[in-house]
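Below is the structure I would like to discuss, written out as structure tokens.
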């Protein structure tokens, strides 16, 4: 069997259910693959792991992947299982925010680590400074949890529909007390969880073949997970070595994830790609990418994977 | 026990002191009784470990006896200590290394609240006394062991303690310096009429200085002999060649030998 | 300078030694010349800081003179040191605290590669010599200061050094013990015919022990007198009351006084 | 100077011999980079060993030149290794690139430095040291307290910062106050433990002397125990000085304003701007070492009397 | 034994302050909850509520204790001591990296100290850089160390142990250098009069003299090792170990879990330090250095 190592971009959770299902259900085995899944975390930059040879493929958000390309690490999107963005800002209703224009003078928690660019470009679209003050927003580098919102250190924080938002609700906050702004609805959505490999490897037919089988099996896993969300959540739970995840949480996450993967067969929609690039190029004073990337994605793998089905 | 003619300053009765150590109890003082009159110069001599230091410490209220009684000027040693009756010179110089020689001598004066001018004047005076003028601004570790010891004597002399307790103050000095300081100490004693308790290992030194020599013996530490000196108060250095002196020295040596027994 | 009749073991010629310190140079030895014959017992006496220890260290190759010449058995002191010609007893006992008394005495034997059986035998013998049998398994801190000093002497005697250098070995002991060890040392010297260099502060000790007394004076350290002893090799303790002895002691004392000058 | 140049000769000879050997023996070629690096290292080490010999250079010059050459050697090897082994820039940039980034980003680095070092680390250090010192004085009054607090204090000191940092960020907010709080927690116990040990470090005779003067508690504290404790207190202060900056930086990983050394490091890693990461690490090393040596200098000045500070000969 | 009462007293005081702080810090949430539910609550009701929140800002001591018990003792009783939800399992993972790292770090530290003491170049060149190395924020370096080691094929326990060694070598170097230099001039001179070799000087004088210093620095070193192992767990995917518990706890706002992992780590550290203390006492006693 061929060995494949996959680097996730966060800790084991239902966000990555498709891969765990494919592993657990033997989809990878059926493709003659021996897959190792490496969980990520806040300190792990998957492109770095890829560059260091610690993994063959990685999951990444496109802004971060394109930034890596510009830094001289040519990574290529070979598949895009997530169709829709799950990123949003969650605000207290009583802070008086009803529309992006109300952000002025407020404090907002943002994830950095390469994920701040959609936010920055959104703010520059709205013409709001991110340097604080009366007419701008005060930006905080948000940690890993929703405490800043709960403890009212921030008026808004970044959340994922499938995870942090649920945590806010779990903490006993009613949705009625909150206002949310989905990036998708604001027209500044960027592509999330895509599968990336190093460009140089893609000139090797054996590697390409391996990737074709990997993507095919992974997508099988995703579709299975979409159809059997509760079972998928339990599979994720079984694979969580920290023993920190809870069943309820993962089941809800899986239900939300299914909404984001719905409508993707794994292939990247060029329109989504163009919109992501446009958003990033329009982003603020210190843009993550300065020029139109070239060769940042390929449909070769997904084409092959889908054709042979 | 021995009675002296002057009013009694220190009176010890059947003192007993046992240290509890990990290796079991050590009987450092056993049934020690002694009267010291005002203005007396009392030397304590005896083999190592016989309790000389311990006895001195009991007198100074630094150690509490486990039995018997001791009074100093009619008070307990602790009360006497609080009334600052003692000047104490330790077996080692024990200067504070972060203070200059002058600063070390000034230490008791600061603590007892002498005023600045008085402090300076006294420091100057005692430095002259121990012939360390000019070394006021040096730090202890810049001086030889002998000079350090002299500074520590100066420190005990700087304030007006009525009782001076000295634990082998001249042990580290060479013979010539020692002779010289012995003379000086006698002169000081004659002038100030202090009561002095003095521990030494040297028989000639004990005989030369004292009005009373206390010979101690170990295991358990007790007084084996108390010798009143027949020597006159005026003592030039060559009194040490006189027959009385030599006889006295022999008596002390015999007392010591007796106590020594097994300890080589 | 003084010449002795035996073959010369240590020959110093116009030695000079200056220490460079932060407070400027210290002239510790100046123009020191001395011959020590085989089997002699040479005492060095002089006020504190006159360079006695420094001279001894130069002889042992522990310090390099800045001028002049010194030879030991025709070699440099360093070569002599490498041929393990010295036993050295320091001013303080300097036992290694993690070794038992026996272990401390065994240390030089281990280093010089004596075999196990020989080591045990020698340790036993020297412990008897300094009357510490039974203390072999004790650690240094379980012994009194005097016993420690005796152990350190035993350590220097355990191996066959031709030259024994002792720096105030008995300084910390009381007079009775000191007398006893003085007798022992003389007996040992008579038996082994070692060449001994001995630093002391005590005039009677120097006179009692030596065949030759070297009086030194400070600033800069130099030899002010070398006195050959007229006393016979057989010396009972009461030789110290003899007129020759007293006369000799006076001569040493005068020599010392002269050198003392300013230093009190 | 000519001495230095002269001692370089064997190095040159070694390199020449080596190059010759490689050309003579083709089998060696795969190992060329490794061997080149090794040769350069050995050569420079030998050169340094010569310079370090007593009397090779004036002592003061030696004290700077020798460690500098050692550091320079490491940088050179690093630079060459990145080059020879084609290390991806997103993993390890060469020193030259880091230097370039440092030079071109001084304004950002300075702002980060002020936020993290001056406000967070230094602020927390001063508060923590003062609190520890005050506590030590309190604890010192009672043997009971001392016996109780020290084991507990040692236990608390073992709480790992990665665990406490998120908690303190949650309590004290995102700005430098929470960083200072982390630093306070980190430096408090080393300083406390050392100060308490220091106050108890006087020997019996020194204390007895105070006793014979019937000195009051305050007098014996001011005139004896505090001066005697200084070497210990400075040990604590030195340990704490290396902890302070690390604490402030790490705390920023758990939430911060968009400013600060820790913030810059963690976001730059995300952007794979490793040259920026290393430029910040350089700032941290410079600031941290400067801080440490400043404390050492003050120590030398305050505890001039301690045997470890006295240089005879 | 004379420590037990004072320590218990201090702990009692701390626990008291802790409870008060828990009430104070969790009060906001209790009031907010009540307000959302539209009820008024009294102070006592509020105080009671602050003791049992699911995600308190500051967990009450008994909540941490319960969690600790639930994830250790209770796990053992139910025979699942090494389940993924057991702190014994995670503690063991961290402990193994700690011990390996400590072994590497202390051996490297001792070797470096021996070099520094015996070689002038090393003395002059290494020390300043060793100090500088400790001012580098390890958390920033850790991911890079992991990636670099990964790229040369080193995985698993070793990368964590390397980080843990990085933190523990420094105290060992400093302590050991001081220790190896602790013999006084007289002790050195004695060996010189025997014309002992450098090696003999090391084995018979420097090494034994350094033992008390060695143990003191080993105690600091092993605590640092543990911190290093925990730090090293974060960028290895934070899959297992006490560090992973802290991180995921933080990630899901599970304060109780963070605190119990934190205490577990401190307890492990205390046990390790105590263990070294024990070895120290036995060794020094046998060497006659402890009275």
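We call the chains A, B, C, D and E, going by the order they appear; numbering starts again at 1 in every chain.
The definition used in the following text is that contacts are C-beta pairs under 8 Å (C-beta built on N, C-alpha and C of every residue); 3 or more make two chains touch, one makes a residue touch a chain.
Since the model is a prediction, treat every value here as computed from it, not as a measurement.
Centroid distances from chain C, each centroid being the mean of CA atoms, peak for A. Ranked by C-beta contact pairs, the top interface belongs to chains D-E. Distance between chain C and chain E, defined via averaged C-alpha coordinates, is recorded as 53 Å. Distance between chain centres (mean CA atoms), chain C to chain D: 49 Å.
For chain D, residues that reach two or more other chains under the stated contact definition are 91, 166, 170, 253-254, 266, 269.
Residues of chain B found to touch two or more other chains are absent.
The set of chain E residues that touch two or more partner chains comprises 57, 139, 143-144, 147-148, 151, 234, 247, 250, 291.
Those residues of chain A lying in contact with chain D across their complex are 42-43, 45, 47-48, 51-52, 64, 67-68, 71-73, 112-116, 130, 138-145, 147-148, 151, 153, 288. The part of chain E that touches chain A in the complex is made up of residues 28-29, 33, 36, 55, 57, 83-86, 89-90, 139, 142-144, 147-148, 150-151, 234-235, 237-240, 244-245, 247-254, 257. Residues of chain C touching chain E in their complex: 57, 60-62, 81-84, 86-88, 90, 92, 94, 96-100, 107-108, 110-112, 139-141. Every residue of chain D that touches chain E in the complex is listed here, in rising order: 45, 48-49, 51-54, 62-63, 66-67, 69-71, 74, 91-92, 144-149, 151-152, 154-164, 166-167, 170-171, 242, 245-246, 249-250, 253-254, 261-262, 265-266, 269, 274, 277, 280-281, 284-285, 287-289, 291-292. For chain E in complex with chain C, the touching residues are 186-187, 189-196, 200, 204-205, 208-209, 211, 287-289, 291.
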